[in-house]
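Across the two complexes that follow, subunit A remains constant while its partner is subunit B and subsequently subunit C.
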Partner chain A sequence: MPQVQSESSSESAVQPLLQQFQLLFYISKIAGILPQDLEKFRTKNVLEKSRNGMVYMLAMLIVYVLLYNVLIYSFGEEDRTLKASQSTLTFVIGLFLTYIGLIMMGTDQLTALRNQGRIGELYERIRQVDERLYREKCVVDNSRIGGRIRFMLIMTFLFELSILLATYIKLVDYTQWMSVLWIVSAIPTFINTLDKIWFAVSLYALKERFEAINQTLEELVATHEKFKRWLCGDQETSSRALDSSQPPEYDSNLEYLYKELGSLDMGSLKGSGRNKVAPVSHSMNSFGESIEASDKATHQAPPISVNMAHESELSNASKVEEKLNNLCQVHDEICEIGKAMNELWSYPILSLMAYGFLIFTAQLYFLYCATQFQSIPSLFRSAKNPFITVIALSYTSGKCVYLIYLSWKTSLASKRTGISLHKCGVVADDNLLFEIVNHLSLKLLNHSVDFSACGFFTLDMETLYGVSGGITSYLIILIQFNLAAQQAKEAIQTFNSLNDTASLVGAATEVDNVSSTLYDLVTTTMLTPTG
Partner chain B sequence: MSGRLGHVLHFHLRVYQVLGFHGLPLPGDERPRRTRQLLRAWSLFLLLALSGMVTVCLTSNLHFLYRGDMFGFVNDALKYLFSEVALLSIYAETMASQRALARFWWLHGKLTRQQQQHLGCRLSRPASLRSELLQHRRYLISLYGILATEILLNIWLWRVQPYNIHLTLFWSTFEPLVFLMYLRNVQFVLHMELLRQQLVQLERELCLLAEYSRFASETGRSFKDFGPFLRRQLLQKQCVYNDVHEMYSCFQRAFCYSILTVLLSIYVRVAVDCYFMYYTIYIEIANLDYSLIFPALIEIPAFIYASQSCMVMLPRIAHQLHNIVTDTGCCSFPELSLQIQNFSLQILHQPLRINCLGITILDCCLLTRIACSVGTYIIYTIQFIPKLSNQYW
Partner chain C sequence: MIQIMNWFSMAIGLIPLNRQESQSNVVLDYAMMSLVPVFYLGCYFLINLRHVFGLCFLDSCNSVCRLSNTLFMHLGAFLYLTVTLMSLYRRKEFFLQFDERLNAIDAVIQKCRRVAEMDRVKVTAVKHSVAYHFTWLFLFCVFAFALYYDIRALYLTFGNYAFIPFMVSSFPYLAGSIIQGEFIYHVSVISQRFEQINTLFEKINQEARHRHAPLTVFDIESEGKKQERKNLTPATAMDARTATFGNEQKLSGEMKRQTPQKNEEDEMDTSNDEDEDDFDYDNATIAENTGNTSEANLPDLFKLHDKILSLSVITNREFGPQCVPYMAACFVVSIFGIFLETKVNFIVSGKSRLLDYVTYLYVIWSFTTMVVAYIVLRLCCNANNHSKQSAMIVHEIMQKKPAFMLSNDLFYNKMKSFTLQFLHWEGYFQFNGIGLFALDYTFIFSTVSAATSYLIVLLQFDMTAILRNEGLMS
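Presenting the complex of A and B:
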């Protein structure tokens, strides 16, 4: 019975995480990213399945796909007329990447549809974790998450609007009414970003929980250090006489001791050993946060501090065992939630990373083409302007890099718990506690959370190294192909004009030999190097 | 920051202060707060001045950048751009992440003081300059070796090289940036060297403990409370290791961005200059400025050597730890074995991996990868040359 009471009291104290997600939920509901029930969310802050939401979401998906296809069709007319002047490579890349935004958006929405039941469970688990943490006197502050969501939404709107408006004003012929369709081109990225904000903020919440656990452990260590300093200050008065009588050579000098032990015999060792042990245990006092404080403690009378709490949980091993056990179990649970979350979003993340890589490379390549005054696919017209390109690239790469960075940070935070746990053990210096710490430490080593995209690659910073190398290499290769193709085209043009003059000359002089030798000459010199 | 620093450290930190790399007052300084503010302002001033210079170089109509072809132009601009990014991160870090750096030096002071206490009063007098030079020899060699190579090469080059407006303009503005990159790189080496010294000391003490216990178990001789004594020593070493690990994480926090950008800018410079070297030989111009690439070639290996020698200490420490014999024949110490397990687990939880922002571990593997990628890029860019010359030459 008392447990139920405490649970109900803690329930009121712990705010559900989803409360902070309200704004994000309404926007994503309207945009058709989440199928969950709107009414239930508003009244009870829970995500529940909803048939109507599913129908609405599917309808939105179909509308988006149709609109996007109309966009491609209406703007693709320019491409068809330009096909002759475009290089084949540019044309093929454009064709290949036309639908990638749509694929990414479809993956997001279909995955959200598949996961609609499980996402609610995930947040329920997080709420339970919060309650358990609350019982360990470890309060997680959710209030900053709302602000974070708002900031991310504002950034998204800023980026999308600036890209859309700048492209529309500078690069789209807005005298035609069909040009309004250009707005549709921003839909896939916008929907994708909203979906990723859900993931990023939930991940950030997990990171905060890991940090709260670490913080609790560190506080345990800090209070115990204070407690110890107070204790040793108390003992100092009694042991000071002994301290001053000891010659400084005995000061835990390992090398000295080793030599002594090597040369002396059994009998004298036993006598001197006791003397040597004492100062070693004494040197353990130098745990202090600041050396000055502990120095003072060893040389002067202890500073009398009245307001300091002279008790530490770490001095009571059996009591602290329960606390450490609970914290480690919560840590495990958070790791499990992290894995579940990663699994829910694995396909969207994979498609986002593929999109980021391809679009980054393509955009830079098209920028190069635009600087060489070649025509580029009309859907990628933002590459014609270097400034818009910079904004678009920083938007896409910012999304990918932030997710990677956050996953890496969360993973690091989960690993730091082990360090804090060991600090507890070392500071307490109790054999029973060492056994507990060893056990839990092994457990933590085996329970680490690492994020990956469907197992294809891990989401940590090392991936960035590979990806940036890949982008550079592909870009150089693409530019080389483009240069070669350009030169081949020029050669053919010169050849054609030469051929025309040659045939003119041939017609004028009626000498077939000359024109044929000239023809041979031109073909050999112009066409062989370009292949 | 507290405690005495040796002459060598004091002098070099002062040099870094003058360059705006070290934003903390030194122990002997009066009015530390004011010094810190002044140093911060000095860093900001240097950053603005150098950034202004780079902007002028990039935008001016004079021949700061190579004008022979578009590709060479872009390459020269890349060198400036990456140096500018590196400068930005260096000075931003000097101004922003002072807490981590202060913590690093505070921990360093604490650990050295503990060591001196352990060594007793016999060595408590200040160490001689000779021993200090010996102690920091790796750092000093990498600093003065590279500086001397660079200066000698510069003197030689400008005596031999016929006058060329582009080269004069380019190198007179780029060379200061190069020197700054070098000195920052060597500053990393200094910090890693200090870290390594702590690790070496820890390993030596553990080695002594191991030999000590082995001796006791072989001869069967030990004094009363021998087990608890070893356990206490181990506990103390655990605390020392914890501090060293914190020093490492402070180092990471204080320098992560500039490690990344400085190494990247050196790397870009090497890759670009390799291309120019081939290019000038290919089209037979009398420019010899590619010879300035040689000191840059030593830079990354010097850094990686320092970090690698820091990281290889960890397995050795673990090895020495498990060399400690828990069973001494006459009596066994289950508590000691528990302590060893605890230390071992602690080492597993606190690995020492010097990485820049987690992007890559800075060990010899990276050197291989860098060499491979420079080779690949050179092959790519060499393919450009005939195509470019057809268009522009």
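Presenting the complex of A and C:
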């Protein structure tokens, strides 16, 4: 349907990207992630500031924080009894990570409040880019984005529900009514995921824009190649009279060549610009191999090549200069939008990456502790079951990895434009065009879009490689300390039992000596991790 | 050797049968590719679910042996399954596409060689160096030894059923290595093409050097500038062109007058005139006029470079993901190999035959996989360097200001465009494993440093208590 709409008029040709975000917007509005005005969005598809939304969002944030604190308090009861028995390492890690989910959620919501005006601008800029692209006969299809959002939402619900239900049924004592509070534990991750879906889908849209530009450039190359082949064929069949000393460069304009050729087709071509169908069909018959490809081209971009399949735009340097210039400017604009978007979401992404790294390590460590029958903090009880741990880990890592992967791919797509641009120059083989291409290519080299988390690290796959190495080495170190602590604890227990037997014997003065030496021994084993 | 490797990988179902034919029976092609994984899975589940034929279920297998054997088996399963799934996903299209593009590239290279008169100098058949044969022989010996060792030990333990534990112990690593071998083969083909292009570029470069001195004497530069000025005047495109051609004619005439006086070096060029008629480049006229043949290749060479780079992008997209599990498996096996060797085998070697077998298996496969990984990295690095060298040579040509460049702006712009495009390529592509790591020598450095820190941590584990419990140490 959007295609039909877009053909009818050029002004309202491009369908705004935000139209696809409706479902996501409603859900995030209810959950209190975005403060923007609901009514404006429904009627005009724009994100605008709204005071009521802000109040609602702040209220939701406070409610979440309170509920989460109640949860920590009520489940902390179990921890208090365990504190004495468990090792300090596990306890400290648990303490550190108690609030990390809440911090992440708070960062998301506060950043959304701060950005509430600017997000709307961002999508407006994307819409303008779409219009400019449309003017360059390069239509971006937004319709698949809606499906993507739906898929992501379904995945989020599936993961959250499965983790929540499995943990609730297997690991929470659901006879008490306080256990219902466990549901609150899923809120921070859920809200964070919704916020990240906004980022991910917008990033994906940018990537599609880059790819559309690349596609347009490659299509230019393809049509020009076909055009050249057609011209060569025409030379062979219709005009043997062409001098071999004539330069076979078809650069400046077609008219010149047609004059030289003096073939039958020329008359119909030169007579009227509208009557270009005839030579096309003629050439198609003699060189049938190009029919399929050109058909594809006409389907993809109906306005351009309906009636002139063999007139390449690349053969007209001044015309194509404008087009290439425009495409480069659009490319620059998309890069700028990417940077702006990265800036808007920089703190949430940083907090998400920190959360992902810490939770991944901690969850694996607690899984190890659980297999050794040690007690673990009650908030991380999902680590008691390996199956739930696997789901939770794949959920968290899936979020982080998808964002990193998408940023990497977008960055690559933006770099690819330069290569496609040069292909245009090479295939046209025209001096003027080469100068344009060289000039624009230098410009493109300087536009680069690299996504980073607050500038701490770039979001590309190499970071992922580094992070996975970090997680493993920290995990090994943690396990080693845990082993050492276990050995120390065993030593204390043996010491205690020794002490008991000694007191039973009743030699008070000797016991003191023995206990002090033993105490020394125990402290040394505790302080030096034997591994 | 390549043929043997291809046959072997077809036999164990890693690449489709008849991969070079587009029309063939689908069932026949993929029969082996699906049978072998099913057989592997059968063996894997037989051992893990029924607890028979597994090394770790023997009585003489102690806890260290059991742990290391289980790790080896599951790591192998991870490696084999990921690699096989990706191979199944790849299908035949890749090989067809690769061959098609390679043929196109070869055709153009042949044409360029004919133009550049390289055919007579050099035979077309690729001659491999001693190092090439030595590498193949070495690899063959290493693999033969690894397989022989494993099969012999398993045969002694299990008798005729040895093939079942073999499927889960050594086979996955063998399959992974062979897929890497395919990768090596494809990359080496690409690297070869880059080399051929570079020799062609180098030829142009040398010719430019020879021509440089005499031509400047005759003030070509000022001529070129004049022409440039003419180009810049806001005349119509047609006028500019005729002006250019007039200029060129004049220029070439001048040069032809000079050629006999110049020196003997040009003799080989003048003898080429017969060949020049059968190529139809856009700038054939220029080449003809100057009597200089090879630079007519430049546009084709630029296109070739671009094509080969896109070919490497495709190859990397197919094989890069398979590199990741292989490198990971290689890393883990090497670390545990060193660990077991130093902490277990040094202390209690010879006490238990099975334990010795497992530790040596680790060492052998860590060595084998490391060799293969090194060759992969080396070839990828080579291909990268070769492609970089082309840009360097083109810059060198530009610096020498050869006649063909000064007489025609188009050539200058083309060369500039090529080098700029290469800059874009450099930012866009490098052989990599789905972006996680670049496949070059920096990867070795990063893995070695990571391995060191893991080893330091691992070597602190106190094994003596465990070994004592197993009765291996007094």
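By definition in this document, the second predicted complex is superposed on the first by the 423 of 531 C-alpha atoms of A that agree within 3 Å, B and C clash if a C-alpha of one lies under 4 Å from a C-alpha of the other, contacts with A are read in each partner's own complex, and residues count from 1 in each chain.
Note that in this section contacts are C-beta pairs under 8 Å (C-beta built on N, C-alpha and C of every residue); 3 or more make two chains touch, one makes a residue touch a chain.
As the structure is a computational prediction, the values presented were derived from the model and not from experiment.
Touch criterion met: A:Lys423 reaches subunit B and subunit C at once.
Which of subunit B and subunit C touches more residues of subunit A: that partner is B. In the superposition on chain A, A:Ile476 makes contact with both subunit B and subunit C.
Of the two partner chains, both subunit B and subunit C are touched by A:Tyr465. Residue contacts after overlaying the shared chain place A:Lys339 against neither subunit B nor subunit C. Of the two partner chains, neither subunit B nor subunit C is touched by A:Arg132. In the superposed model, A:Phe434 makes contact with both subunit B and subunit C. Overlaid on A, the two complexes show subunit B and subunit C touching the same residues of subunit A, namely 248-249, 251-253, 256, 408, 412, 415, 418-419, 422-423, 425-426, 429, 431, 434-435, 437-438, 441-442, 444-445, 460-462, 464-465, 469, 472-473, 476-477, 480.
Only residues 248-249, 251-258, 261-262, 265-266, 269-270, 272-274, 276-277, 280-281, 283-284, 286-287, 291-292, 408, 412, 415, 418-419, 421-423, 425-426, 429, 431, 434-435, 437-438, 441-442, 444-445, 460-462, 464-465, 469, 472-473, 476-477, 480, 483-484, 487 of subunit A touch subunit B when the two sit together in their complex.
For subunit B in complex with subunit A, the touching residues are 2, 109-110, 113-114, 117-121, 205, 208-209, 211-212, 215-216, 221-226, 228-229, 232-233, 235-236, 238-239, 242, 245, 335, 338-339, 341-342, 345-346, 348-350, 357-360, 373, 376-377, 380-381, 383-384, 387, 390-391.
Subunit C meets subunit A in the complex at residues 231, 236-238, 241, 245, 280, 282, 284-285, 299, 302-303, 306, 409-410, 413-414, 416-418, 420-421, 423-425, 427-428, 434-438, 450, 453-454, 457-458, 460-462. Against subunit C, the residues of subunit A that register as touching in their complex are 245, 247-249, 251-253, 256, 317, 408, 412, 415-416, 418-419, 422-423, 425-426, 429-432, 434-435, 437-438, 441-442, 444-445, 448, 460-462, 464-465, 469, 472-473, 476-477, 480, 530-531.
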